[in-house]
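Here the chain labels run A, B, C, D and E in written order, and each chain numbers its own residues starting at 1.
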């Protein structure tokens, strides 16, 4: 078989498509990506979806699949990392990471963020805001979005004066300026774990390995993801 | 039956959902009646375009519709800015926005049966009304509209069900704010997004099903009354 | 009063009709499919003629020359449709009063009177759905009567009604028309109804008007036999009521010198009256017979004898300047040696001239 | 042959009707709203009676005692509805042949014949939508005729047809019934139609049957005046055609000793015949008058004299064992000194007895 | 007009969408006609339940419906296993699954107008057909069904539009696999997930709109023909 099916978190769409193209050129093996919400993909894999590789946006759903023996436990590894940043519409002023700074920036608007209960970016964001002592203040001022990209779009257009998004998203969107980076220690390390599914086809391990290759890591970096030499 | 004792945030979502559903119907139905009548009874250059615009929210993925709503009605969107400045109305991130999203998504579903019903009204009865001196508007109100009621009821039911279930456009347009825009559907979605959410999702599904069941039941009874009212045959 | 001149078509059917009439009832008479309903629809404004002119009571409803086309709702025409077209969701009462509450018309006759006449008071709270055919038709008539019309258009309004009911409604229509000066256009297949009710007869055939004119003239024309139906050939005699015999219930009518006796049903002395006398009800004798129950014997002179196909012959006689038509077997005519110019006695049974045979005298054009 | 006994109600209207008839045409006659259509709907299986029994030609269609209720589609009843109920999306042709292609019925009459009779050949490719009222009704009649029925139910089928058309269709219905032995239940308001066509008359009033029986008997009953309509009072005389005079177009009928002459229209020597003679067409003389165009003078004896309200009186006379009814003014009766037992001459104009006055002789019960 | 020169993967998504739409209609319409007729003409104990089941996909967020489909029809779901073992049919992660999801989501939208149309068919015509010897099924096919065609067309249009735009249930049930389950709606979603995706999303929106416009246009013409056919009046 010279075709792989990769189920991957939607937030990785452009990086993985670039990597997939590079992999195809290198190996001749075609890679099909199904991008969707991590939770949907995880459940599909649990239900027996014909995926060879799963790339998750967080570790909860990877753990979920590991517990259900839907992925090969020993194949799980983080392939990229990410950071969190506050962005505002292009031209926004840098921001102090305290209640005063946030409230100045928000004015009467809301803080766009990926949903803090359902979307990984939102969960990380909530953790970070909590540890920074900002949660109590912003909790009532949130605009939780269906995914990070909608939050980003909101800030791009100025519908919200501020959005909390992945560094990767911010780096490729010219319509926003990063107004503050959240310190890495304010939240759990953001990792994208990948794994082979239980019935992964031959060659899937090659792709999984390729994701950690220098070429792939360079693409991740270009897309604003953190490289992970340190993290594993 | 403790599991059917609703928790406060479930109450909140349920109340919000009903409010959104009711608002959707209240605003969308009169508009849908107007549009349906126009589509059914008049031929004019913009007919096809109007028809297409009405159906568009059905054709596009809800997320796209929500996004377009955001572009237009968001705090920085042209319509949003206009409404804010002239009437002080804002659909951004509040329940009225949820109702707007639900209304737009439900609109084609409401318009279609109503249009069908108007098309089925015998124009001869409208002629008879005219010959008795009734103006167009009066004829519409006392003849065409009552005779189209079964279609309006059908449209209302589809619309209410859709408003209850609407998710993609709502979450994209007004986000998923508990107590403000988190309807049952959004709460349900939220629950499915975490592995531990399944029992919650199950409860919410049951709640949604009960509400829908109630609404459908009520509509069937109304439909039967209506049928008698419209004189299919006497009591 | 009523002036119709229309050209146009519905589907593949062409209409090219013109007629005019003075006050009173104008009957449209013609075979099924002749175009009667289409013409009424044009008058009502439901079908737009390609060209022509429709004038009621001096008011122009339609005039292609000046591009005038009054919409149906402004024509004030009480239209009794051939298919009743009741509003199914409204009670009979609300159907009847529709013109009032929905059309802002102010009917001159009270609801109670119309309801009573039509015998539909027990139906007022019902929906039209369960009504019988005749009940529907009566409600439709009531609805039109109660719309304060300037013209009544009645498309076979009595087709599914029994004789008794017809006998109640016809005189009422008559009165409505006369009292209020409302002209009536009346579509019917029944010549009896037509002759009873109308002043003007319009014979419609294949989309056009074959002939029109005062009923008496039309009934006297022999060339229209096919259209009016042989069996019904008749003549109209005009006269004046000169005496009423209460005891026997008979009225004496002066027909211009000679007297005939007819049932006195609602006649008044001095009244002008027209009697429709069917050819088949007239017998001929050579002299005045004795010991015969036939009371009316008029002296006349045979004007013409027309043999028809079959065993019949039709004999036109002049009676004091009016024409009377008799229908005999050819055998009898030969036996009696009847020839034009011969003086004869024309016998008419009084009972042959009953209420339905009397038609109102021609009206003076009512000012609308 | 036909046995109906039904109790039940629609809406608030109660039906409690029972009648039976031999072969031939059974007329349901009654005022608007009397329940005629409801009874036909029960026979057709569209309204289920609460209890009762309906038998056609020996076959039980409904019997509450044995819980038998044949569905409408298996009753093989050709139903001409009061509202035509044509299928709007099918062409006239497909409406007419519906029973064949959708109901697997095999009509015994060819389409062409029926279409020709009804004069609807030019409409075959049209949709019912644009048809005129009478055209719709004719298509509905055709559709029922072509459904190979075991019984024809006709609910005022000729109400919106003109006289000429009626005269074409009525004899055909007659023939259909007679040739194929199909009984017909015929709802009508027009007594002429009824008398012309039917053997049995059922008088329906307020949901129940006032009286039923052979038409002749029913027409002779004076107690039914209100229901049958005074104007139409008549009697039926039976006789045999004994001679036909081709030259004058007259047939001589032996009425049991005395001869009367009537138009010879399709009669044959030896044929049994019934003539409907309306009371208003009969005059009375004390002796045989001379020089009179009235050919038929029958000797009879006055049996009874019944004064009516108004100027009329009704005189029943025996003529060779049959009864003849005459209607005179009270004045004439008094003038002539008429009293029961008096011998008189009864005069009947030949032309008063035309084709529509002749009814078929009672049929032998056809075996179904 | 280079931007209207479709790229291969766009062709793919378009073709797939049309296939899914066509399959949805082909399967859902006959079923919807049956269900609509049953709901319109019969009263039976399970009436309310059937009605509720039909409407459920509208009430629940599509994601939930998709998830339930996955549980039932997935490779490990009871129905999925059964179908696989007995007929060798699988809806899992292929275009037939996308059609199934679209069909179920569209089902209430198709059923409603058809039911409305059946309810408007005059039962007197069915009586007339019976009196002419037509069995129930024949009457249904030659009388009720043709007279309900405007409603069926309405349902078909709503269903097709919905099938085109269906996103949540599809992506949850059969994922977002290019060439297999990535319909226009899913491609549109995917485009919105990448920063450079906006122009692509715009293109795809236009394509979807054109297809929908075409379908609507065709349906209007059919409706007009139908109206004439059903004999509102002759040519």
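Please note the rule applied: a residue touches a chain if its C-beta (ideal position, glycine included) is under 8 Å from a C-beta of that chain, and two chains touch if they have at least 3 such contacts.
For reference, the UniProt names are B, E = Molybdenum transport system permease; C, D = Molybdate transport system ATP-binding protein.
Remember, predicted model here, so these are calculated numbers, not experimental data.
Superposing the C-alpha atoms of chain C onto those of chain D requires a rotation of 180 degrees, given to the nearest 5.
Placing every chain at the mean of its C-alpha atoms, the farthest one from chain D is found to be A.
Counting contacting C-beta pairs between every two chains, the top pair is C-D. Computed from the mean C-alpha positions, the centre of chain B lies at a distance of 60 Å from the centre of chain D.
Averaging C-alpha coordinates per chain places the centre of chain A 91 Å away from that of chain C.
Per-chain CA centroids place chain B at a distance of 57 Å from chain C. Along chain C, residues 11, 83, 126, 130 each make contact with two or more other chains. Counting partner chains per residue, chain E has residues 63, 67, 189, 192, 233-234 touching two or more of them. Within chain A, residues 37 each touch two or more of the remaining chains.
Contact residues on chain B toward chain A in their complex (touch as defined above): 63, 67, 70-71, 74-77, 92-93, 168, 171-172, 175-177, 189-190, 192-195. Within the complex formed with chain B, the chain A residues making contact are 37, 39, 42, 60-61, 64, 109-110, 112, 115, 117-119, 142-146, 150, 153-154, 157-160. Of all residues in chain A, those touching chain E in their complex are 5, 7, 10-11, 13-14, 17, 32-37, 40-41, 43-44, 47-51, 147, 149, 169, 172-173. For chain C in complex with chain B, the touching residues are 44-46, 71-79, 81, 83, 85, 87-90, 98-99, 102-105, 126-130, 143, 147. The touching residues of chain D, counted against chain C in their complex, run 10-11, 30-33, 36-37, 82-83, 126, 130-135, 137-138, 155-156, 159-165, 189-191, 226, 229, 231-232, 245, 248-250, 261, 263-265, 280-281, 283-287, 289-295, 310-312, 326-336, 347, 349-352, 354, 356.
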